[in-house]
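Two complexes follow with chain A in common, the first pairing it with chain B and the second with chain C.
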Partner chain A sequence: MRKYSSALILLFCSFLSHAQNRFPKPDFESGYQYPTFRYPVPDETVWMVADLALLVLLMGIVAWSVIRKRRRAPVVLVSVFSVGYFGFFRTGCVCSIGAIQNVALALVDTSYTMPLVVVLFFILPILFTLMFGRVFCAGVCPLGALQELVNVKHYRLSKPLTLVLGLIPWIYLIFAIGFAVTRTGFIICRFDPFIGIFRLGGDLGMIVFGGLLLITSVFTGRPFCRFLCPYGAILSLFSRVSVWKMRLTPSCINCELCHNACPVDAIRPPYGNKVKESRVQGVKRILTYLIFLPAMAVGGAFLLSMTGDSVSRAHKDMQLYDMAVQNEALPQNVLPLELEVFYGQGGTFEDLSLRSETLRADFGRYAAIAGSLVGLVVGLTLISLSLKRTRATYEIDDAACVNCGKCFNYCPQNRINVKPENKKQ
Partner chain B sequence: MKQEQEKNNLISRKKFLRMCGTVAAGTAAVAVSGVAFRRLALRDASCFWQIDPHKCTFCGRCETHCVLPISAVKCIHANRVCGYCDLCGGYYRNNVKELNTAAENLACPTGAIRREYVEDPYFEYTIDESLCNGCGKCAKGCNSFGNGSLYLQVKQELCKGCNACQIADVCPSGAIGRVAYATAYRLKDEE
Partner chain C sequence: MKKTILRNLTIVSAIFIVTFSIMLITNYFQVRSFNPLQTGVIETLRQINEEHANNTELQEQIRQLDLLARRAYFVSMDHLMTGVYILVGMLLVFIVSLRLYFAGEQQIPGKQVPPADDWAVKTYARGYVHWVAGGLVTATLVFVFFSSPYLKTKPPQQAETLAETEALPSEEAGRESSDYGELPSADAPSVPSPADEQEAAGAEETLPAVEVSKVTHNGFRGNNSNAISSARNVPVQWDLNTKENIAWTTDIPRQGYNSPVINGSRVFITGADEQTRELYCYDLYTGKQLWTLTAEGISGSPSQMPKTSTDTGLAASTVTTNGKQVCAIFASGDLICADMDGKRLWAKNLGVPDNHYGYASSLLVFGNLLIVQYDNHNSPRLMALDMATGTERWNKARTDKITWSSPIIAYVNNQPQLVLMGNPGITAYNPNNGEQYWRVEGLSGEVASSPCSAGGLVFGASEYAALIAVDATTGRTLWQANDFLPEVSSPVATAEHVYLATSYGVLACYDAKTGELKSSHELNTEFYSSPVITEGKLYVFSNSGRMYIYSANSDFRLLHSFETGQATFATPAFTDGKIVVRTQTSLYCVTHSSVNS
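So, the complex of A and B:
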């Protein structure tokens, strides 16, 4: 009973203190031995090496089969393997899409360090894209591969809708980087729609969203890759200028089959520009539009910096500050848990308001940068609308093409080229 | 003839621009990777999420916020810190009337803590990890009434090593952080 009461007193005295050794170590007389427990730490090095080796190997296979052999079958095999290995077996972390945030944070914050595997997962697909186009998207990325594998038919969305939805990855990328560099959180990881499917459990909302995306991707190609993936946005920049590119069959007969088969609308049909405009005139027109680009950037910066204050509420410390302000105005008996712990750790309201000041300034600055980037993206998209080039043949949009090789199977000329034995029969 | 020349020019300009683009993109990639490689943590790569037991407040969010159906956070018992008490703050609920093993008296909601009589007046407590859900109720009791030998740790063989730990996002005390391989567990026994 004495133990009990003393313990009660101790509870009242110090709720959060680390009261060690309130009770002395027992002197065992029966020869009792302390049991020993082992807590093994799985050595991830082997797996990391395997992940990286497979990443390079699979991207190499895709590049070889698409650029050199012009065949789809190896890409399908790579997709199946990638969904199984990177998706269900390795359960999706770390992935290249999420690594954007680590790298962005590391570029801004010198105190942040990251493991080698994260850097390589970020940079290797970019380097491969610069060489061979988006071979990572083709089937090595488990998210893209999963959507590709369930895709049955590609119903093409209307052009305006595709255009507007195509802006989302850029805005998502800008916001994800903004949230990462302010250490607010990794939103790409939090709102990953497929990780719950790969892990067979997790946040219900995201699993439902992932399920809906998968159902959508049965009827239209790769909705996540086209309209959400921020890493795809980065890779599209590099695939525009890649050294080797996906090509149409040289002996193209303009039959339209590849255009219909492409899951990402990357094959543009022939087009006759009806607007009569000389080259000089066209260049002048585009240059006039470009004058408006800084205006768009400034406008975007202005608009978003207005919201900086409310966006900063996403940060943990700002939420804490709000709670503290509320509590100062109207002291409550039962503090919110966060506040209780904060005060318990010796934090003061002054610290918190100082921190909130710096955070607000940070968010204002980053919101302005993000806003100007969003303005640039929207402006460039609008300008690209006015670029109308006459195309005599089908052309591949290098930025959108994910090197999946679906078009090969639909191209009558490609089949003849690839399998000479068919020609003989 | 003139037309042909123009055509040639057009192609070469396009090619030239594309080459410029490739070089620019390559330079950008190399520059970014150069800076990124400077931020590498090679020797003590902090790859593992772990709880600092001295910061933990046993708020119970480890149980609810882990991405796994049953949290990767489990209770760990440091026998060398334990007082082996009969009236254990981690084993029994607060203000318990009778010291028996009836479920309404026990702190652990899943019955994961077992105890065995050693000698008068000492009891040995062990944790069945297959039952533990990481709610931290026992750890809270033990830290407020006893020696704090029960505490929460992330079990590394269960943890998925998410890029952004969902528990760390909601941890009120900031007790969860990345640690290196050598210190993947913060065991109270070894302090």
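So, the complex of A and C:
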């Protein structure tokens, strides 16, 4: 396995070197004087302020629209603007989803300086969620907005299946943080499926993946938001306790239109709780899961800690160390480019060796933490699936609702309520 | 009517998008695989230009073609981007028309739909979660299993190269130009690295230009002290008396049983007597003594040398170098380090070792660490010092009885292990901090032989005890054998076999995996020098100075055997096309006569 990965790395390196030499300067001297390169300094401060101002403004518009006015049209307009501005114009960066990694790294590594704009992009949507629910997801996030705009039909997936797929964002979040804090890489950015679309170019595999997600979005609501987005997982925690929540029409006639329309299956139908299972049996199940919850966390920690050494190979320093080990074991006449640079900068094998030890220890520790968190996520999901609820009317699942306001368009009672003449009456 | 137009627009745009996407992807791969500046025409014209450098018309023609190729490439890139814009536009048309087509179509239930059974959904979901959790556990276990050290491919050590060599007796046929392109051959001049260019530049001041080999022999039994050399084009016949294939011979000022070490164009040995202890540097190509460094003025150094046996002496330990510093140790406990030009960097006395034969363990280099196995009766310990400054990095007390063995670095699953013989244990340490990895006991008597390693296994042997194979991943004994055991000479291993030379004249070959004795040769001689494997051949000197060259494979067949002319106890050093040998009184270099002439 390691041999194959080394071969792939070498292939990648050779590709890079090939790419570098693809356009050498013309071979012959003809007296032409090459102009001195001048790089204009971008005025990032202006764009930073503009980004933040627009972020707050757009989230405010969505909050006003869905909570105060109970209308979807402004949300659609915000979505169009967000895809155009944050997506295609600002090419998807800075993004709140990727900011998770910067924040996680800054928390464990004091030497890492995080730009203020990144901090605010991470915190502001959380603050708005605490107040108004997931208004960021509604149409301000260009990824969610793009999926929302292309969505035409909503074919529902099996409900149990969507519940299980809901585990993925949590697991993705745990691993993304793990890779970030070990400085292995920002995998959320690397595997952003829409960045290639916004930039009209990039890794072909990711563009194809993004294209497939968009095609899926045409027929079912927001697959990325529901089954992949790690920031959505974080926001779902805060939206449960938001101060002002989006509500269905009080004069609900149980017509089920909103339930059918919701692209994220966040509207729960009435349920009489006619469970044939005895209460004692249900309590026993929950108690069993509660007892096994620590065991799941410990088991997860143990299992993933065993993978720490192998996973550490993803870190560039470990890859460099492996190259150095190969070179030490069988000295080669021509050093790999990375090693040549490393040694050229005064690095020694001993430095690499010590670094690899530290990295292995770090990965072992973080893998154990990640494993315990995955165990907890699975255990808590099982417990939540063991709770019985009774609902007399349709209710919104505040954790899942993305405040898109689609249900308002479908609700016949809402249409009556928001008509100006009815309001006057 | 409006609906029909929207439907048709949607269908047409969808067909266009699919067709256009396929075309764009095809074009993308074509553009990516096309290297505009390496077309056959340009390459041919360039070759012609190299032969006729002053043809301005030809150069202008190449320049025009070059420009044309660049322009064509960027035009195709522009077309690709234009295609992307068109695709995005059509996607917009598709989405808008599709949305408009379905606008106002609400999924109104035809009749009263019974609400979904929430509990049944949760029950199913719990079942799915159980399956997913089980799947995750299984996937993790499979990942752990397949990435476990037991299944990992062996590190690309010299042993692996040798394993391939065993399968391919004619290794010349499989040579890669990148590996061996630096041989001192008139047909293929080498391109030295910047570091060695500097080194070579130093030599050029006094010598004719020579190609310095990158293959080093940095300590006792070579790099990592593992007796495997990647040297190529090594001579297989020489004679001191007739000077056949002898590049040079030089007398050694003072006696020593240590072995020569080669780095770049320098050869290092030491010599000592009751009065003086010295580190010598010779030129690999001429045999000229470049410098001598005397171990003197060292704080704690004894005024009277410790007593040693005649077959050990005061300079039995082989020096080591990392290409920047060279360090030597003597039986008095004096340790000195110099730069490659002989400038003393630091020196210290480690305490006179209480050793009834005389201190004999060789130094070992690991990166910038100098590893010293300081086994003695008083305070046996293992220490790592900074090669450049002499600062102690770590120090571990040893519990084993005194030995005369030398440490090695074994690469196990690409991780370095510092392996030491002891009495009674073979012990592996982390070379970075001295932390013990594993320990296996089973040796006894006077342990002088050093360990060796290949394919994740470590082998150690002592006379009257056993040859022990240890799985270095787990630290468990794999097998033991005691058919033939070495006294002073150290074994050498490939992925398949372990070879050893005994002091009663037997060369033996064991199966590395099972310990089965594959073959043995009774030679009626005595071996103190250790065998070294290079190019699939095992080289070993008898004490009388007879060289035996065997095939290092399952045949273990005698390829060459000849008298060299002088008694030899040291282990020879190998580099491309050369062998440096230390005899009782002299140092000489073997090379091919054609190169020599």
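As a convention for this text, the second predicted complex is superposed on the first by the 368 of 425 C-alpha atoms of A that agree within 3 Å, B and C clash if a C-alpha of one lies under 4 Å from a C-alpha of the other, contacts with A are read in each partner's own complex, and residues count from 1 in each chain.
Here is the rule we use: a contact is a pair of C-beta atoms (placed from the backbone, for glycine too) under 8 Å apart; a residue touches a chain by one contact, two chains touch by 3 or more.
These figures come from a predicted structure and were not determined experimentally.
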item	value
Contacts of A:Leu382 with chain B and chain C, given as first, second, both or neither	second
Which of chain B and chain C A:Leu304 touches, first, second, both or neither	second
Chain B versus chain C as contact partner of A:Gln326, first or second or both or neither	second
Touching partner for A:Val341 - first (chain B), second (chain C), both, neither	first
Contacts of A:Gln101 with chain B and chain C, given as first, second, both or neither	first
Chain B versus chain C as contact partner of A:Arg190, first or second or both or neither	first
Contacts of A:Val241 with chain B and chain C, given as first, second, both or neither	first
Contacts of A:Gly201 with chain B and chain C, given as first, second, both or neither	both
First, second, both or neither for A:Pro250, with chain B first and chain C second	neither
Touching both chain C and chain B, counted on chain A across the two superposed complexes	3, 22-24, 26, 28, 30, 201
Residues of chain A that touch chain C when the two form their complex	1-3, 22-24, 26-28, 30, 149-150, 152-154, 159-161, 163-164, 167, 200-201, 204, 211, 218, 255-257, 260-261, 268-271, 273, 275, 277, 296, 299, 303-304, 306-307, 309-310, 322, 325-326, 328-335, 348-350, 353-354, 357, 374, 378, 381-382, 385-386, 388-389, 410
Contact set on chain B toward chain A in their complex	18, 21-22, 24-26, 29, 32-33, 35-37, 39-42, 45-48, 54-55, 57, 59, 67-69, 76, 79-81, 83-85, 87, 89, 118-119, 122, 124, 126, 143-148, 153, 155-157, 160-164, 166, 169, 172-173, 181, 184-185, 187
Residue ranges of chain C touching chain A (in the complex, touch as defined)	21, 25, 28, 35, 37, 46, 59, 62-63, 66-67, 70, 81, 84-85, 88, 95, 98-99, 102, 106-109, 113, 115-119, 121-122, 124-130, 132-133, 136-137, 140-141, 143-144, 146-147, 151-153, 155-158, 160-161, 178-179, 181-182, 190, 193, 214-216, 223-224, 230, 366-369, 409, 411, 414-416, 430-433
In the complex, chain A residues that touch chain B	3-4, 7-8, 10-11, 15-16, 18-26, 28-30, 32, 34-35, 37, 39-44, 91, 93-95, 98-99, 101-103, 106-107, 110, 112-116, 118-119, 122-123, 126-127, 130, 185-186, 189-190, 195, 199, 201-203, 237-238, 240-243, 316, 337-338, 340-342, 344-345
